[in-house]
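As written, the chain order gives the labels A, B, C and D, with residue 1 at the start of each chain.
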């Protein structure tokens, strides 16, 4: 029996949701009345924040990292058009961004043409080339979703990545293709010599692309992408060809991936094999899933978190990839909604006005847990140092403290911190759970 | 005689060696309410799936308004004005009730694969969807995820989705299966209301629904139609009696 | 919601960046090479050698100028050009003026262009790029610039030395050339073809091919072809797992002639070849390890082994890099004006403890030095590699190799 | 002619090794619907464990114990990881194994470092079995062939002749029915996962000494195992065998013979453009078969997916 009464079958979370919106008419009114302000506000705030961020982070490396974040965000959002909105799992999406980027580099090197266009429109060309490739590949890969699509994407990804070292004329072999963005026509006198100028170009494209991708999800074909993801058969009987809906999503995703590639070309002025290879494709899958595929802003959070891990954490520890991998596996296992899902879990509590009741229990549980985890990380770092550091090299620095990893005391301290931290977290966890249930139940004390 | 809405000639379907549909000829006129009944395993759902190109027939043709449907994909058939529901509830459970209906309106209202329209700002879509929701009495559930509706509500929603596109041939596969009596009455009224003036083909087990709704009835047994006619005639048919009685006896053993 | 996250993230970011910019006194050298991922062992080894060289040769002798210490900071580029450029930017923001890098010519190409552009666009924070191991000849030819100095011999120079030795060996009549399918592998092949043709036109090149880099699981089919071709010697520029896989496979499948290589030592490769490579594996490189060239070199090596018992000094050019940089800073009298330091480096002659001297050719910033052909063996080895019984012993030496080799470099000076 | 024979043997070794990996993977897929991205990581773990054991008690004990440990680990991953993720659907499952593959690589580096391990062929097998016109065939390769064939026969026997095999076969096609018959399907899943990973571990044990034991060894092999089972048809043991051998021979022969694109194109009547070095297609014209040998399986897979999505021997489509 496949059909049972859903009322008795709903998972815990869904039922809670059910309870808080028992008055649908009211909810819909709320939504309709506030729809314009509700949808516009985050965009305006995000734009303002992005515009003023460089006032706080003046150095070039912070700008470089923020540029990298923006590029990853555009790429991850494009990827989520497939994975999250279209239900297509791709293992080779880097090639669309890469090909778009390579095309931009070639345009940069066509000095006669490049001199006549302002740099700001270069990403459009990246997008068009990414889209062109997606049109070719999509014509046979989007016929079915699921494993067949995933495997074709893997195969095509490997093929094009392998071509990057073979087809030297286009991909430049192992050293890639490089160029100079400053040869473009100055844009209102700006030549994009400085990192800050590139930053504003990048965020402009970030906001435009993100907005366009958001609006795409509100168009008929964008809505049907969701429908086809959830139930391709039903969509077929509504007059839509599941294949064509997938194909259009794929092309659009290829376009924005290409835009991300174009932004990459502008920022780094070089494209290499790494822009195409399967590792890059894997990273974007990781980023998107970490952020959460179920929400539009999920990939944004994922891209920010991952870029920070990759560039900042790797400055402090060699084991950054180990931590990133652990975080990723833990996310898949415990929070399949990703970081965005974690955040959105709190929306019901906010709507009920009970979120404040969660603050103290959170502090009581999460703070010791975080300290315990840091202690655990310290143990990991010390083990690593003990095993792999040079034999004479017994000193290590951790959390701004330098100590001898071959003495027993630091081990005791780290061990104790771990045990105590996690211990406290464990004892306070039931209280948090209770508070959570309370905060998500309508009525009652409030 | 005008062209029938749906015409089946010599339709056959085999899975491997098992012949499930063994040659069906059936003609259903415009605005007719036609019910297909028969014991379990007679091939009713298979017949539905053949008509809507979910399966390809082994032999025979299906004509919609005189047009041969051979080689067409389900979505193409749908665009020609044939819409169906499923035996197992087949909606978009993660979307809201409103979204479910709106998706069903998109193609019919000519939005096709467009990406230059925003669905939220289209008054015709919103109003159209709300009108349908009103018809199926789900306006109050408008913003709930469809998966959280009760079973009867989900079936009503599915009927709403099926009729939303404005198709003039509606096929319903056991719309009242698994429902209580009150729910069945509710759905029956609903079907009567929303299919007024349209051709309706339905598979149904509940005889009271069948006899209450259908203009004509076909009885399908082991892949063949053994009788077609007005409810009273079919009820009186000896072979039908035998088939049903036999099946009932078998089921008891 | 997302804005709050972003704010928090970026403030965390500035905290980290700010924290590491605390020490201003030291002369900072940024080591940008892989410290994680598949090539991490090479990178980590290099970093240790740089740190040790800076301590041993500069800091323990009282530092430079008025007692400034030299500090080597490791930046993990994950062997990615993109990450390298990010780390370059971070390093420059931390006040670094000297960049050292060596693994992957692709990264070196990206870095040298980025450094050139940066110095053009930001005259206030110019940096020098000291390349200690990326040997793509283009870097000191078509792609040369004033800010780039190469302390390793480039692929052509090494091939020049190798082919000198091959030319003198009358028992070699057939040569097989095999390499990785990318710029370096191709330049090795081109140089070998050209130079063998010039020096021993009678040598037949029985095979010349490229295989995908880092992707070959099993080299057996290649080994079969080499054995079947009847080659007397093999030349390969392979490195890392590709070197080990190819070498082991060739030997296993019955090849007994010499295999001339660039990078078949250290990083576990020497230990893995062990007995099977004896009498077969030859390497070309600068810096004589065995027998030790000088007492100073022995002391240096012993001190290094005392600190890093598992380490090898397989890149003696690293100490040359630090030594020459220190000398240039002293001569220029400044650690900030990189133009003055670059001018001091140009044309510098440096007596190296590893024997002979190093001359930084001003036309193209290519170091000219003695090239040694070494054999993989366990006889007469003072300093072994990988804590095995094996190491490399110098068999022959080409003094100041390719001193007069042409260059296409058109150096633009600021 | 001699070289053809030598290549046949080499290709057989490669193919059979691939089969040991793909057999487990295809069994796991057909039962649980999971494409296990971490499968090659268990292969790597097998090699590392065997190396560690071989230091202490020698190669043969490693051959025996390492696959067992890997199998137990695999079963543990199924029990405590995959089963948990299973409730979220197939995509998260796939992504979980993807993350697991990353994590295992990091763990291996954490424990053993980043260098290649000196894990080598045991002395007893370190000799040349025979030589064909100067090309020696190491005895170890013959040993590898024997082990793989023994495994194949064993698998075939277990699956077709034993009760457990019958249940597994039934569970492949009708998991619900099997469950209804009172068999503990989760336990069967765990068992199959354990056995599949143990097979991968065994492949690692015997491949480690010849292909190298290093942290990248899983990545190098990872996706090609997928390609194999997709070509062979998901869920088909015979398909896995045929596809493995096919890939083994195709790649071996493509590497051994320099077939040039120019000759090929000329042969079908397309003449070389006059100024080839200026042409944008110059790289295409100068392609040689060894250059593309390792991507041939991917080309094959894409073609098969386009024209026969169920694979060579597959019955159902994903």
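The definition used in the following text is that contacts are C-beta pairs under 8 Å (C-beta built on N, C-alpha and C of every residue); 3 or more make two chains touch, one makes a residue touch a chain.
A quick note: this is a predicted structure, and the numbers were derived from the prediction, not measured.
Visitor: Looking at A-D and A-C, which one has the bigger number of contacting C-beta pairs?
Guide: Contact tally favours A-C.
Visitor: What chain is the most remote from chain B, judged by the mean position of CA atoms in each chain?
Guide: Here the answer is chain C, farthest from chain B.
Visitor: Quick one: chain B and chain C, Cα centre-to-centre, how many Å?
Guide: That pair's centroid distance is 74 Å.
Visitor: Distance-wise, how many Å sit between the C-alpha centres of chain B and chain D, to the nearest whole number?
Guide: 48
Visitor: Taking the mean of the CA coordinates per chain, how far is chain A from chain D in Å?
Guide: The computed centroid separation for chain A versus chain D comes out at 31 Å.
Visitor: Which integer distance in Å separates the CA centroid of chain A from that of chain C?
Guide: Taking the average C-alpha coordinate of chain A and of chain C, the gap between them is 37 Å.
Visitor: Of all residues in chain A, which are in touch with two or more distinct other chains?
Guide: Within chain A, the residues that touch at least two other chains are 162, 166, 319, 321.
Visitor: At which residue positions does chain B touch at least two other chains?
Guide: none
Visitor: Give the residues of chain C that touch two or more other chains, as numbers and ranges in rising order.
Guide: 40, 181, 212, 215
Visitor: Which pairs of chains touch each other in this structure?
Guide: Listed by label, chains in contact pair as A-B, A-C, A-D, C-D.
Visitor: So in the complex, which bits of chain B are touching chain A?
Guide: That would be residues 52, 54, 73-76, 78-79, 83-84, 86, 88-95, 99, 102-104, 106-108, 111-120, 140-145, 147-151, 154, 161-162, 165, 178 of chain B.
Visitor: Which residues of chain D touch chain C in their complex?
Guide: 3, 6-7, 10, 13-14, 109, 113-118, 120, 128, 131, 133-136, 138, 210-212, 214-216, 219-221, 224, 251-253, 255-256, 258, 288, 290-291, 293-295
Visitor: Show which residues of chain C lie in contact with chain D when the two form their complex.
Guide: Spelled out, the residues of chain C in touch with chain D are 38, 40-41, 44, 181, 209-212, 214-218, 220-222, 224-225, 227-228, 241, 244-245, 252-254, 267-269, 271-272, 274.
Visitor: Under the definition above, what is the set of chain D residues touching chain A in their complex?
Guide: Touching chain A: residues 35, 81, 84-85, 88, 90-92, 94-96, 98-100, 102-103, 105-107, 109-111, 113, 223, 226-227, 230, 234, 280-284, 287, 291-292, 294-295, 298-299, 301-302, 305-306, 309, 317-318 of chain D.
Visitor: Touching chain A in the complex: which residues of chain C?
Guide: 1-3, 5-7, 9-14, 16-17, 19-20, 35-37, 40, 48, 75-76, 78, 80-83, 85-86, 89-90, 92-93, 104-106, 109-110, 113-114, 117, 121, 136, 181-184, 186, 212-213, 215, 306-311
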